[in-house]
Structures are given as C-alpha cells and as structure tokens.
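Chains: A, B and C, in written order; residue numbering restarts at 1 for each.
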Amino acid sequence: MVEERMNTDKMWITMGPQHPFSHGLWTLRVHADGEIITDAEPEIGYLHRGWEKECENRTYAKIIPMADRLCYSASMTWSHVFCKVAEEALDIEVPERAQYLRVIADEICRIQSHLMWLAAVGTDLGNLTVFLWALREREFFLDLNIRLCGQRLTTNYPRIGGVRNDMPYYFERDCMRCVERFETVGLPEIMKLATDSSPFVGRMQGIKYLTAKDVANWGVTGPAMRGCGVDYDVRRDDPYDAYGEIDFEVPVLNKNNPKGGDAYDRFLVRLEEMYQSCEIIRQAFQKLQSIPKEAPSRVKVPRCIPAGTHMAKIEDPRGESIMYLVSDGTEKPWRLKVRSPIFVNVSSSKHMVDGVRIADVPAIMAMIDMCLGETDR
Amino acid sequence: MGLSILDWIVFKNPMANEYYPFGDMYNLPYEIGYKLSEIILGFVAWFLNLFVHDNLWSQWLVSDVVMNVLAIILLVVVIFGVGFIVNLTMIWEERKILGRLMDRRGTQIGPLGYFQCLGDGLKTFMKENIAPKAIDKKIYWWGLALVIGTSVLLACMVPLSGRWFIADYKVGLLILFGMFALAPFLILCAGWAQNNKFSLIGGMRAAELMISYEVPMLIILATSCLLAGAYGINDLVQFQNDHLWFVIPEIIGFFTFFVCAIAESERVPFDLSEAEAELVEGWQTEYAGMKWGLIMLADYFRGYVACAFIVLLFLGGWAMPFAGTDTWYAEIWFLFKVCAVFAAFVWARGAFPRVRTDQIINIGWRVLMPLSILNLVVVVAIKLMGWM
Amino acid sequence: MPYKMLDKYPKKFRGTGIITPMWASLRRTFLSTIHRSMTIMYPYEKEWVPDNYRGRPGLIFDRCLGCGICVRACPTTCIELVEVADDDGNMVKRPQVNVGRCMMCGYCAEYCPVNAMTTTTDYELAEFSRKDLIYDPRRLAFEGTNEMMEVHLEEHLLSNLAKGVTDQPTAFYKTDRPVLEEKKCISCMKCSKVCPVEAIEMVVVGKNDKGRDIKHPKIDGEKCVSCENCVIACPKSALKIEEVL
C-alpha cells in the first residue's frame, strides 16, 4: 500500500538555464537519489548566435573583433588564434616585436581570465569576499588592457600580421608594477581566504577524482586536464609566437598518480598558472629590451587568402582552442570552424558529477570555468 | 472632574493601577504605553466632557480597565517597534561591515546608508506576489506565516533589561529556546508544500541542520542554567553580575554555542537550506515578492535572538561591570552587546565559504557534541569544588 | 623555472585552518575603513581613462574627405554616408554612426586615411530612444579631441622587411592604387565622378569609329587614398585595386 502511494523514484533536477551555479545560459539536468547524483545531462545552445556562419559573410579583418566576442574574458586569445590561422594560410612570419607583444597581451588576458574564475569559485562555494577581492585584482589588469589597446574586455588587439599598435609610453613600467603588486600583495591575500582556509579547501579536497586516462579520453584540455596528471600545454609542446624563447614551467599535478586529481588539484593548477604568467610577462619584457622601439610590429597582408585548409591552435586560459579555416581564395572565409575547449569539457560533465552530492556540483563545474559564448558560438 | 484638560490627564502611577499585569515588577515599556494611553484617552474623555458634563463615557474611558487594555496594546507596539528598529540596524550593520570587509562601500542611501533597507523593503513590496498553482495551499501559507510569526514573537520575547520585558517567566530561557527551535520544522513543512525540488531539498537540509545543532546547543544552555542555578533570565543575569560573566568559566561552551547559533539562525557558513549556489534560494524558492522580504526580515529577527542568547548566557546580559544591573542605560548596553556579537557573525560570514551537508553533520556530532559535554564536565567540576 | 606556489601547497593541507582567513578579512576590514575602499562611486566620480580609450567614434569634420573607407571597414555596418552642409553651405558626404549598433572596434579610426575619424573617451551613451542613438556627422564631433585619439595605421611591407628596411612604415592607403584594364573601359566617367579627392582625370587616348573621344581615367597616385569608390562604381569592372606587399 505504502509503496503504491509514495513515489520513491529518483528525481531529475534541472539546474539551469537561470541558475546561480551556471555561469551563463546552460542547463545541467541531474538525476538525484536524495542528495547523491546518479546521472547527469548537460544541455547547451541557449546562446547560439551563428558565429561561424556570420564569419562567412565578413572579410578577414572584420572577424577579429567578432572573435573577441567569443568569450568575454579570453578575448585576446580568441582573436589571437584567428590571426594565427590567417597567418598560417598566408604563410607570413610575424615581426619579432609583435610576437612578444602578443605574448604579453595573452598572459595579461590569462591572468584576468583566471581571476574571473577565482571570483566565480568564491560565489560557487558561498564566499562573496573571494569574489570581490578577485575582481578587485582583476581591475588592475583590465586597466592594463585599456592602456594597451583601448578597451577593457573586447580588446581587438592582434591583427593578421602583427598587433594593432605598439605599447604606449610607460606601459612596461605600469605592467611590471601591476604584476609585482599582484604577486606579492594581491594574490597572497586572496589565497589566505582560499588555500589557507580549511572550510574552503574542505569543499574541494577529495571531491571527484578523475584519472589522467579518463580525462584524456574525454578530450578535456587546459588546467582541468593538467590537474589530473596529463602533462600537455600548447605553449610548451607546440610553441607559437615567442613562447619558444621563454623559460617557464607548466604546472602539472598528480603526474604519476593512478588515482588522478580531485577538484582541489585543478584549483591549485590555475593559481600556479597565474604566477607563471607573471613570470612570462617579466621575461617577455626583458627580451623586448633587445628589440629597438622602432622595429616593425605589423606587416601589411593581402586581403585575399589563397585557397586551402589551415589550422592553428593556441593555449586558451580554459584549454586548447583551435580554429580551422577553409578558404576559397576570396577575401571572405568559406568556412571557419572553432574548436572550443569548454564545449568539449562540458560534454564530459556527465562523468564529472557522477556520484557526488548536489552541493559538490558547483565546486566541480567551477573548475571547468564555464564560458558559454565560445561553447554555443 | 473639571473642564480643564489637566483634570483628565494626570499621569498616575501605572503600578497603582488595579489591573497592573506585572505584579510587583516595574515595567518600562508598560509605563510608556500607560502614559501614552493616558494622553490619548484623557484627551478624548476631556473632549466629550466639553459637550456633556459628567457623562458616563468620559468616566469609563479613564477608568483602570480601559487604560490598562490600551496600555498593554501600546506596550506590545513599543516592544515590537524597538525590536524592529534594532533589526533594521542589524541589517544595516551587516551590509556596512561586509562592505568594508570586501573592500567596497556597502549601503549608500540616507545617513551612512541607514535607509537602504527601507528602500529595499519598498522595492520588494512592489514585486508581484506570485504563488504557483500546484502548491499545497494550506501548508504553503501557514508555514510562511508561522515562520515569520514565531520569529517576530521570539524577538519580542527577549527581555532587554530587568524592566524591559513582555512577560517574566521563571523558565524564560527554555520557552525562548523552544520557540527558537520551532523554525526548522516549519521550514521543512514550507519546503515540502511548495512542490519544488529545490525547496524540498532545502527543507530536508533544514531538518538535517536542526538534528545536528539543537542537541549541543541545548546541553550548553542547560549547563549555563546549572551554573546559575536558575532558568529565569533575570536570575541568570543577576548571577553573572554577582559572580563572573560565564564566558570565562565556559569558554569552550562559548565558542561551541557561537558556532551553533550561527547554524541555528541559518547564516552564511551554515546556510545550507538556502544555499544559493546549488539550490537557487533553497526553501524560499517559490516565495516571491514581499513574502520573501518578510522571510528575510524574520531571518534577521532570528539572528538577533541568537545574538541575544549569546549575550544573555555568556556576556552578562545587561549587567555593566561595576555598575550592576539597574543602570539607566541597561537596554542600550544590552543592544550594544548584541550588535557587537552580530558583528562577529558578519565577520564569520565574510571569511568562510558555505559548508557541505556531510561536513555539517560531522562538525555537529564529532566536534561540537563532545565539546559541549566537556563544557558540562568543567561546570560540574566548578560547582563541586564550590568555586562559584 | 621552479613552481612558485605549487610546492608550498602539496596534497596535504598546510594552512592554519580558520585563523588565517579570519585574520585576513579582519585586516582588510580595518584597512578599508582607514583608507578609502577600492570602489568608485560611479555617478558622482568617474574612472580616469587614457586618451587612447576606444569609446564611441568621433569625427573631425573639416578633415574628412567623405571617401567611405570607414563605411566599408565597419564590421557591423553601423556607419553610413549622409549629405550635410559644410561650413560654406556646400553639400558634402560625411559619415553618420548608429551608436546603438557600434561595437567600438575602432576600425573606422584605424583605417581613416586622413585621421578624421577618431576614437573618443566618451562611453556614456545611454539615450531614451533608438533614434537618439544615431549620431549625425556634426554630433559625432567630440570636444577635447587630441592627437592621442587618432589611430595611426603603421604597416610594414613584407618586401621592405625582406630587404632589411625596417624604418618605413606605410599603410594601404599610401600604397594600394587602382589600375585600369584598358580593354574593358567604356569611357563612362563614373569613376571620376565618385572620386572624393578628385584624383581621377579623364584623358583622351584616341578616337573611336564614330569619331568620339575615348577617355580613360588617369589616376593621380599622390592624391589617391585607395578608397575603392571607383572600383565599386565601374560598371564593367575595369578598375581593380593593386595591392603592394
């Protein structure tokens, strides 16, 4: 009798599209047995803008500001990867000064993107202080963006064959001050609330171990993959621009650990990446000293790209981003395909949240650092 | 009675009233209410008397019965008004301290941003009042009303001093605590009635929380009463004034009770039942508009009561060192202490993230429970040795 | 390069539990009470932005040629050329910007051959209607325009770089010129009519069978700004931009 009246099924909970944990518009439907999740199903597509199709009606130069709009916090790397695929197609070598400028701009972008992520982790775990402190530090880097290219987020800085403009006066001084402040004062203060706080760490430690094999099979890239023991970074393994001449360490945790990494490892990898980015910026400025200020930072490129297919990949703050270009020899691309790291990462969320509690879902998904602009395109 | 208004408004001693409800105890808000009702009723009676000399209505209006009834109504209004203003002050305090903590400015409207919560209340009031179709109507509305009602009642029942109380029970602490512990049950009901999965889980979590925190809290409460030898709030405060604030002998209990009080008032490190990161708004998800606003207000009333508990049990209540319990500023001193304890609540909110359900049960049973029993052992030892 | 913090935070938790976050937040509370907090009270005080900030586009009216390069460079097609009276009362073509559509990419300023289009530091653009968002050429003028707001296009030719010449920055409007495929030309003179800088002169190159003059355009390389108006206007596609690389 009781069984007939009481429906004791597991329930589907729809987290999203307007849900505080989903940064952006996407839905994670979880099948919950009480508080334990047994199954999950990500649903995306709420933000589909037809980006790839729109590009087919734009000349190559006009696609660069559109590539900024793929992801609000990684705009520099997205326009960079588009410029790279166009240069690949034209077979053009970028001037050395422009290469270093791009590296500096990319790393500023990486730091501010990771700070946005740190802020999001703070709200996901319920601490608004981390959110606001991280955003405070991010403002300094956004100010650097304004100085360098005139806008905070939609930078529109790289160009096919170089960069938009050379650095402004005193940019090196401002940048080094900002980086030093960040390394010695800014990030350590936030880390006192995060890595030094046992309630904060307790929310992430031991949550959902993912093995290197699984992560590699799902195609997860970026810090989420390096935290689980896969030692791969495009900047080091397939160096582009000036990354080959810069000495930096790729943070990898649990390299030989058969158990894999938990959410806390994926958290730590991103923090260390911010420190390494500071180091890269410092070295890039040192290398820039030897290049004269009048050296070219942009070359003139033809409007039309010869017919053929080309591919370029760079290390986005969120993972490996690839653009694939099919050109028919006109001044507009015939097809431009984007491989977004988050699209692949989020498709593995079904396995990532399997068997955890509902309260752990924000902690796990925060480590992916969702950005829906590039996922839905 | 003459034609002069001063014949009608004479400001009698309220304790001389035949129906004075508090026996031989002086009650300040009652006196305020009594004075106000004398002014109101005396004026009306005088006015009627101008037309019909020596009429019965005027005589009846200034009689002891009518005066007492109106005085009691005004007493309730005064006590609630003070509680409400304290509540608004605490909301303002929280937002301002959190603002400083997060390196921003906090509220802005009015002097030092004090009127921001009035503005927010107005805004919430203008929201559409939505109730979903498939709810369990009776429990939905009664749960809401009881959550708010018990919280407000509770806040009114907290005495601010020996002369500022609504009723003086010999077992005052137990009654307060009983009312305090009622809220999670009502939250469970309200969460169930909303026909929403998020609010259901939120309600379940509230019950989970109640089980793991009520027990250590009650043990510590009983320990304090054991130390004072009484359940009455007045006796407890008087005992602390005569001997020592309980925060010193019961230092373990103080910190344990502090954690429990945060959990009991469902504030951020332990606000599992309304964890917005995973459960949207927890058990309040389907309460839209002013319903939500009133729930938030009730939350702060409960926070106020939790702080008042800490002050009464450990920090000597309204007792001022070297001045005793009968000072003219006793109420202000008590509320100051409450706000200071609340600042520590806000501090904890700013510093920590929300804990998980399994962690909260672990902390409750494995840490706080043994600590509260250790506290009991210490107090029993003190009592046995006869130190206090 | 060694790790900077990863070695300090191995698998085992080494923090001090709850003391450090409590202390850090208390410290920040006192600091932001004593000093001013980081936030800017926006409507009352505004953040300083450098002159190279990319706000809405601005226009220096007298410099503009009306060539339409900005129209074609705009990714969102928010610019269009309209006829307005200049200071002498003559009707001239000038760009009008729909700021509601503008994405502030700065391409119009970057590609402008005479630096008439500029970026401005104006970013407060809210209006009550969409119509108000359309900035006509006169309204585009921005008070306090200075030379930092101009964007100078400095490209280097690959051929120059191969020769080792690195100090001759140029731009497409200095190098690229239209060339004529003479067989296709029908002497319609449309190209000379649309040229904004009057760089095209029709030269008589002979007589046709009926005895009329055959006129071909002759392009003055000094005056030309490579705006492609002639290329677009040509009904027989006889003109083509020749890119110098």
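As a working rule, a contact is a pair of C-beta atoms (placed from the backbone, for glycine too) under 8 Å apart; a residue touches a chain by one contact, two chains touch by 3 or more.
Note that the coordinates shown come from a computational prediction; the quantities given were computed from them, not determined experimentally.
J.: Does A-C or B-C have more contacting C-beta pairs?
T.: The greater number of contacts lies at A-C.
J.: Name the chain whose C-alpha centroid is farthest from the C-alpha centroid of chain C.
T.: Most remote chain from chain C, centroid-wise, comes out as B.
J.: Which chain would you call central, comparing Cα centres to the global Cα centre?
T.: A
J.: Can you work out the whole-Å distance between the CA centroids of chain A and chain B?
T.: Once rounded, the distance between the two centres reads 48 Å.
J.: I'd like to verify one number: the distance from the centre of chain A to the centre of chain C, where each centre is the average of its C-alpha atoms, in whole angstrom.
T.: The separation of the two C-alpha centroids amounts to 29 Å.
J.: Report the inter-centroid distance (CA atoms only) between chain B and chain C in whole Å.
T.: Distance between chain centres, rounded to whole Å: 63 Å.
J.: Spell out, as numbers or ranges, the residues of chain C touching 2 or more other chains.
T.: Within chain C, residues 18, 21, 24-25, 28, 38 contact more than one other chain.
J.: Would you pick out the residues of chain A that each touch at least 2 other chains?
T.: 129, 133, 136, 193, 197, 199-200
J.: What parts of chain B, by residue number, touch at least two of the other chains?
T.: Where chain B meets two or more other chains at a single residue, that happens at 101-104, 350-352.
J.: Which residues, counting only chain C, touch chain B once they are in their complex?
T.: Within the complex, chain C touches chain B at residues 18, 21-22, 24-26, 28-29, 32-33, 37-39, 41.
J.: Which of the residues in chain B end up touching chain C in this complex?
T.: Its residues touching chain C are 97, 99-105, 108, 347-348, 350-352.
J.: Write out the stretch or stretches of chain B touching chain A in their complex.
T.: 98, 101-104, 197-198, 201, 268-269, 271-272, 275-280, 350-359
J.: For the complex, which residues does chain A have touching chain B?
T.: Checking each residue of chain A against chain B gives 11, 13, 15, 19-21, 35, 122-133, 136, 193, 197, 199-200, 202-203, 357-362.
J.: Looking at the complex, which residues from chain C come into contact with chain A?
T.: The touching residues are 1-6, 9, 13, 15-18, 20-21, 23-25, 28, 38, 49-50, 52-54, 73, 75, 103-107, 110, 119, 151-152, 154-158, 161, 166-167, 169-172, 175, 243-245.
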